[in-house]
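Shared between the two complexes below is chain A, which pairs with chain B and chain C, respectively.
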Partner chain A sequence: MSKENSPLNQFEIQTLIPVNLGSLDASFTNSSAFMLLAVATATALMVLAVRPKSIIPGRWQLIAELAYEFIAKMISDNIGKEGKPYFSFIFAIFMFVLFGNFLGMIPYSFTYTSHIAVTLAMALVIFVLVTVLAFAKHGIKFFSFFLPEGVPIFLAPLMIAIEVISYFTRPFSLSIRLFANMMAGHTLLKVVGGFVFPLGILGVVPVAGLVAITGLEFLIAFLQAYIFTILTCIYINDAIHLH
Partner chain B sequence: MPQLELEYFAPQIIWLIISFTVLWVLMAKVALPRIGLILEERQKRISDNLAMAENLKLNADAEIEAYETAISDGKEQARIIISEAIKSSASEAEKQTQELNVSISKMLKEAENRIESAKSKALENIESSAVEITSDIIGHLTDKEFEETEVKVAVKTAINEKG
Partner chain C sequence: MDEKKHTIVEKNFEDRLKYAKSKTKHSENNKNNEKELSGKQLGFRIGTELIAAVIVGGLIGFGLDSWLGTRPWLLVVFVLLGNLAGLWNVFRITSGEGYKMGFKGKNLN
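Showing the complex of A and B:
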């Protein structure tokens, strides 16, 4: 199979405008373009659709309000009242991941959430912020997080080891879950799509499969954005309330 | 795998930071306050309208209550008026009957008196004519003259004997 037809070809980064900040490569790539597109569409939905400020919402405003209430409820369910200051941050994360996933569903587009560099950077930022928040709130008491209450003392070394490992693997599980889901879905679509023309008239079978998988991919696109956001909420909750 | 080409990590992360920051600022400063305000306003409007509806309902209930008491008051009053009318008409009828009875008994008494006087007058006439007839008969039969008083007494006793 030539490089052009590889199922992984869609993940290729193409530099559109080379930019160099000193020794740092800050080129504007197709990935950057889709990030800006996601920001633009999310802003269009959340700002332009709400322009009339009407009491009775139109269709687009209703979607914007649903998104707002969806995240507001997620925060109040998972963090409680103390989660309010983080609302805009969590909302921006949800929108950024959701629009990245959905824009990736457009044929020939680029899915920046299928890149580990992007998801890992986001997850690491969340991890660092949550850890800083936990220290700011609880100081040295934060370390009690690694030893749940009521654990027999002889189990403490084991528990602490498990808790520390699970705490420090958080950014990796968070980022790899999103990246792997998006990449696997898109690769699967491309692989199945590759069967359509070689099979001739029987190509309708993979096309039917593609239709079904595309539906599933839309579900996963939303679901992964939801999971990424709700885990962020849970991490912030852990930082505020410890266990 | 293109994802693992490390030379593209830096530009992706730099643009991630730029675009995410832009999105965060736009959401935090423009979109979310605006939507929050709309939702708040709507909530306020809904609760205001509900309160107003509650108020109107209370007013309507009070009106209905007033209307019902007015109706029951009217019914009560009508009942009183009817019973008074019945009572007054009954006493009026009683009075008129009594008056009628009194006048009837008076008339009866008068009639009786008249009958009595007529009867006694008639009796007197009968006596005097009997006396006359008797004296005539005696005159024809006996040719004797009797004192008128004698005849009178005789006739009287005869009448009394006959009853």
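Showing the complex of A and C:
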């Protein structure tokens, strides 16, 4: 199979504008281009859609209001009143992941959420912010986080080690879930698509499969953005309330 | 006639306000309840949890080993601890504790 037809070819990073800061390769790539596009479309949607400011919303305004209310409800359900200051952060994360996933569903586009470099960077930012937040709110009491209540004292060293590891697991499980879902789905689409022409008239079977998988991919694109955001909410809730 | 109509509207508004208030109150009391996920999503979540914990344990062990020069003993210990942490997280997820750390918030619900 030639390189162009490989199902993994779609994940290749292509340098559009080479930028080198010393030994650091900070080139403007197709990944960065799609991130900019996602930010631009999300901003355009939110700014232009609510411009009419009508009491009875039009279609676009309805979309923007639904997105707003979706996140507002998620925050009040998972964090409560104290979560309101973090609305803009959580909303930005949701829109960035959602638009990354959905823009990736356009043929010939690039899905930046299918790269662990992107998702892990986002998860680490969330992780560091949540840890700093927990320290700022509770100070040294934050470390009580790592010792469950009612644990026998001779088990404490083991439990603390396990809790610390499980705390550091968070950014990894958060990023692996998003990246693996997106990458697996897009690879599957390409692989099934590769069966269409070699099978001749029987190619209608993989085409039917492709239609179904594309629908499923749209569901997963939304679901993964939702899960990424709700876990961010849960982490912030942990940091604020410190169980 | 006019007055009657006015009170009805007012009453309806009061009712609506009460309803809206009770709704927000409910959602505020109801925090920490995780949405039910489908089986596939739950399975995927548990899978990543197990893998990520082992990776983190391995990384911590490897880092400490190259720092303290005790290769390979800390790697072995921390991979095992990572396994335990992964299983611990899975137990927490399946017993409905979600991602809560340390089990302290049981009575919060």
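Throughout what follows, the second predicted complex is superposed on the first by the 240 of 243 C-alpha atoms of A that agree within 3 Å, B and C clash if a C-alpha of one lies under 4 Å from a C-alpha of the other, contacts with A are read in each partner's own complex, and residues count from 1 in each chain.
One rule holds in what follows: contacts are C-beta pairs under 8 Å (C-beta built on N, C-alpha and C of every residue); 3 or more make two chains touch, one makes a residue touch a chain.
Since we're looking at a predicted model, the values are computed, not measured.
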Chain B versus chain C as contact partner of A:D77, first or second or both or neither: second
Partner chain in contact with A:L223 - chain B first, chain C second, else both or neither: second
First, second, both or neither for A:F96, with chain B first and chain C second: first
A:S166 touches, of chain B and chain C: first, second, both or neither? second
Touching residues on chain B, where the partner in the complex is chain A: 1-5, 7-20, 22-24, 26-28, 30-32, 34-39, 41-42, 45
Chain A-touching residues of chain C, taken from the complex the two chains share: 24, 27-28, 30-35, 37, 41, 44-45, 48-49, 51-53, 55-57, 60, 78, 81-82, 84-86, 88-89, 98-105, 108
Chain B partner contacts - residues on chain A that touch it in the complex: 8, 11-13, 15, 19, 21, 24-29, 31-32, 35-36, 38-39, 42-43, 46-47, 50, 53-55, 57, 61, 64-65, 68-69, 87-89, 91-92, 95-96, 112, 114-118, 121-122, 179, 183
Sites on chain A touched by chain C in the complex: 73, 76-81, 144-150, 158, 161-163, 165-170, 172-173, 176-177, 180-181, 223, 227, 230-231, 234-235, 237-238, 241-243
